[in-house]
Amino acid sequence: MSELFPFTLALGDDALIAAQRLAEWSTRAPEMEEDIALSNIALDQLGAARLLLSYAGELEGAGRDEDALAYLRDDREFRNCLLVELPNGDFAVTMAKLLVLSAYQVPLYTALAGCPDERLAAIGGKARKESAYHLDHAALWVRRLGDGTEESHRRMQAGIDQVWAYADELFAARPDAPVDPATLRSEFDDTVTAVLAEATLTLPEVGWTPAGGRDGVHTEHLSYLLAEMQVVHRAHPGARW
Amino acid sequence: SDLAAYFAEVVDADQKIEPRDWMPEAYRRTLIRQIAQHAHSEIIGMQPEGNWISRAPSLKRKAILLAKVQDEAGHGLYLYAAAETLGVSRDELVDLLLDGRQKYSSIFNYPTLSWADVGAIGWLVDGAAIVNQVPLCRCSYGPYARAMIRVCKEESFHQRQGYEILHTLAHGTAAQKAMAQDSVDRWWYPSLAMFGPPDGDSTHSAQSMAWKIKRFSNDELRQRFVDMCVGQAEALGLRLPDPELRWNDERQAYDFTQPDYDELMRVIKGNGPCNRQRMEHRRRAHSEGAWVREAAAAYAAKRAVKEKEKVAA
Amino acid sequence: MSELFPFTLALGDDALIAAQRLAEWSTRAPEMEEDIALSNIALDQLGAARLLLSYAGELEGAGRDEDALAYLRDDREFRNCLLVELPNGDFAVTMAKLLVLSAYQVPLYTALAGCPDERLAAIGGKARKESAYHLDHAALWVRRLGDGTEESHRRMQAGIDQVWAYADELFAARPDAPVDPATLRSEFDDTVTAVLAEATLTLPEVGWTPAGGRDGVHTEHLSYLLAEMQVVHRAHPGARW
Amino acid sequence: SDLAAYFAEVVDADQKIEPRDWMPEAYRRTLIRQIAQHAHSEIIGMQPEGNWISRAPSLKRKAILLAKVQDEAGHGLYLYAAAETLGVSRDELVDLLLDGRQKYSSIFNYPTLSWADVGAIGWLVDGAAIVNQVPLCRCSYGPYARAMIRVCKEESFHQRQGYEILHTLAHGTAAQKAMAQDSVDRWWYPSLAMFGPPDGDSTHSAQSMAWKIKRFSNDELRQRFVDMCVGQAEALGLRLPDPELRWNDERQAYDFTQPDYDELMRVIKGNGPCNRQRMEHRRRAHSEGAWVREAAAAYAAKRAVKEKEKVAA
């Protein structure tokens, strides 16, 4: 097993679980254009997940393809950050999650695009452009909601308050990885701080740092998500689709 | 009048009526109703397939399905835009849908009960939609005709994907094949009913034919669909659930059992298995999104004021 | 396979799915006493389900026990009525569902208690007492909510409106069964009409008769319920618990 | 005063103080806080196990679990009733919980991640609770002592059920055994922390001991719990995750690694993995149920008026 496996798997799981949550908005978004936009972002995350998990499977060298990794692991074997598995909540919570995720993925994929591993570099090169769009989209909505009506301001601030603590886990040091997430924190902070300021929102003080996703210790939400995601695949062992 | 004569001339010559052209009020109303109903069908039609996005059994299928449902939202938007060229706003049309004063295709009032239903909807429902819609690409109203060209292109892509799903299932495990057959059994007659009541009972048809909005009768299109499906079913290795289905050499077409038109009428009247669920889902998405749309409007208004102040300063 | 199998299975599935939905209220009920009451009713339904499914397995004679029937069938193989699989909705919807279910189960189990099949008669004898309590409980809440506040009246009427159409399926004729449900309709109607009148509620005119559960054609809700209910059991084929 | 002397005498004689008796205000306040916290713990403690009711892997286990969670609600009710004998209402106490001004046991701020966690909670968490609570059956305040007798009886039943679940898993498939071991690994130290900070850091203890509310120190109870678990773990065939665990012949007790008290303090302060989730769940259930409680009150008021009218007529 290559030493790149755990890192690649974690990134793939982030993207997969983010895609699954975003896709829950399909047919439910606040306006039709937004339904399309959220599906687009879900598709980008799913696309990145497929590339990363396929490559992770190769790095592992145990014959697992993207579907084996996506459908045949239990929650304790998933390595995604807790942020992406949190329930969608209202549209403000979803935009808060997307802001945090994409403000992390932009510098991550950008750095990855320059890493020595060619496959990861190629994935990073493709995904960073998509992430830049996700970030723009999330930032636009955070500004609109933060500086919209009284209700939207309240909800958007609550959304930020609810997810902010989950950002820390994203930047836990990983010195051996092709990109050490710890090195991305300041760019992330700058991005988010600027968006929140424009949106007339406040960065909450949290005082707790939920974590565990990278070690497979998740929230109670993930196993429900997986039960639904995996149910058909698992009901037909060995079938092709 | 000159205008009416010009209108008749354009239609007769198989040319397009454009938004700026004069048109009879009844033509405009018929088109608005038809295009809106078509747009609503795309939006409501996202739900039965959307029901399986979270459970799609491979990541590739999940991506294809998500993109397909997204395409339907896109079709809805083109079609609302086409209707807007007739002097009605999308918001008005959406309200008509949510109030139950305009309909959508009855087919979407059936539940999707298995992954195979995603395949059956692609193959049969999109297949029937294409047979219905291809003639609309030559419809006399330009914006509708052009929207339909784009929609039909994507629909045939979707139909192929549905066919592929069923093909994989029909050639998979015994359980997969049974799942595929069960889907076809449930979707066949509702798909036949998509072409509407038999010609004898169809109301608006004659005028729509004269205006070249409609070009073939319900029964003609239904026959075309059946003839198309028989060979495809054979290729799939799946059985169409009609013991009367057989080639009629004289008619050069397949004889087949008609769908249950009483059932169709019940579903159109709002009493199908999922009418209430589909409408409630849409109404809830609309009402739960209200605060977001209001916020976007408030933000835009604030920005506009700031821009003005900047210009003034 | 005994001819009693389909009937017994249908009753067992009704009870099982009702139990699963009622148990969703655990930790979520409007007051603590009601949390306990709903758990009690769920436990009764689950108890009846276990007796009925165990017996159904014996009648089938294919070696399936209660767990094989509960955990290893897909939604197309379940025979419960649609009523019990509908989502809980708010507390009023749940009470409307419980009123309809228990006003059906009381005469059903009472008649069953006198049927020639000893096992079914014993199950009916036990379950009818429990169902009488469920009916009292539901009727009490329907009266309280119907004749409570303006909001509760509106919600309770909406709950009745939403579930009423699903009653018809319960009484579809089954002339060969030990108890033909069609014979129970008038007692059911009397019960419900009296409760609604006291509750200042109106019996809705519906004009549609959703059905299909007895043939395995369910709503889109059931497969989600089963995915969750069966996930652990199915992840460990052949395991004992 | 005579009253204070009588109170001291009753406590010294190991007799019970009853609601009608005079008691020091601090005694009353201490008891209210402790009983309320205990009641809150039963109510919040329903959530981690309740999380697995819908997924219990056999119908028998589902029934047992549902009944257990129901018992916890029942314990909550007895305990609120015991607190009410001290002149505080349940509604006030519930508000104190929902506002975050009163605590509940920190153990319930850890997530349940597998079915085996239901077993581990029964064995370890209920086990620790029993060790804590058995002495409370002799507490100087009568209503609390009597409530605890009832609670402890049921808790030991629950503990046996948890042990049974783990036993079945530990003797099942390799995956089941791994699941069981993983649960024990996660729940062991949090269970040790249930006995509170080490005696040196414990604040209210001395006064509670004097009042015979508390009878043993945190560390004494923790040691008793460890000594009890070692043999049970062996019987289960599961490993307690402590490499330092060994019999100390001199102390006639097991040496063991202390839990992480900094973590305990973080969790008590509200920063455990699930504090926010547990509170939000409870607050939501409470607020979503408000209209129901209001309706019940309105209905009761109407009935009371009608009864009066009947009597008057």
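The letters A, B, C and D name the chains in turn, as written, and every chain counts its residues from 1.
Keep this in mind: a residue touches a chain if its C-beta (ideal position, glycine included) is under 8 Å from a C-beta of that chain, and two chains touch if they have at least 3 such contacts.
As the structure is a computational prediction, the values presented were derived from the model and not from experiment.
S.K.: With respect to inter-chain C-beta contacts, which pair, C-D or B-C, contains the greater number?
M.R.: C-D
S.K.: Between subunit A and subunit C, what distance separates the C-alpha centroids? Give it in angstrom.
M.R.: Taking the average C-alpha coordinate of subunit A and of subunit C, the gap between them is 41 Å.
S.K.: Taking each chain's centre as its mean C-alpha position, how far apart are subunit C and subunit D in Å?
M.R.: Taking the average C-alpha coordinate of subunit C and of subunit D, the gap between them is 34 Å.
S.K.: Between subunit A and subunit D, what is the gap in Å from one C-alpha centre to the other?
M.R.: Centre separation, subunit A to subunit D: 37 Å.
S.K.: Could you list the positions in subunit A whose residues touch two or more of the other chains?
M.R.: Only 223, 227-228, 231 qualify.
S.K.: For subunit B, which residues are shared contacts with two or more other chains?
M.R.: 55
S.K.: Specify the contact topology among the chains shown, as one of line, ring, star, complete or other.
M.R.: other
S.K.: List the residues on subunit D that touch subunit C in their complex, please.
M.R.: 43, 46-47, 50, 53-63, 66-67, 69-70, 73-74, 76-77, 115, 165, 168, 172-173, 175-176, 281, 284-285, 288-296, 298-299, 302
S.K.: Show which residues of subunit C lie in contact with subunit A when the two form their complex.
M.R.: Against subunit A, the touching part of subunit C is residues 74, 223-224, 227-228, 231, 234-235.
S.K.: Which residues, counting only subunit B, touch subunit C once they are in their complex?
M.R.: Within the complex, subunit B touches subunit C at residues 51, 55, 111-114, 182, 186, 266, 270-271, 273-274, 277.
S.K.: Would you mind writing out the residues of subunit A in touch with subunit B in their complex?
M.R.: 16, 20, 23-24, 26-36, 39-40, 42-43, 46-47, 49-50, 53, 66-67, 70-71, 90-91, 143-145, 147-149, 151-152, 155, 228-229, 231-233, 236, 238-241
S.K.: If we count contacts the way the header does, which residues on subunit A are in touch with subunit D in the complex?
M.R.: Against subunit D, subunit A makes touches at 75-76, 207-208, 210, 212, 217-220, 223, 227.
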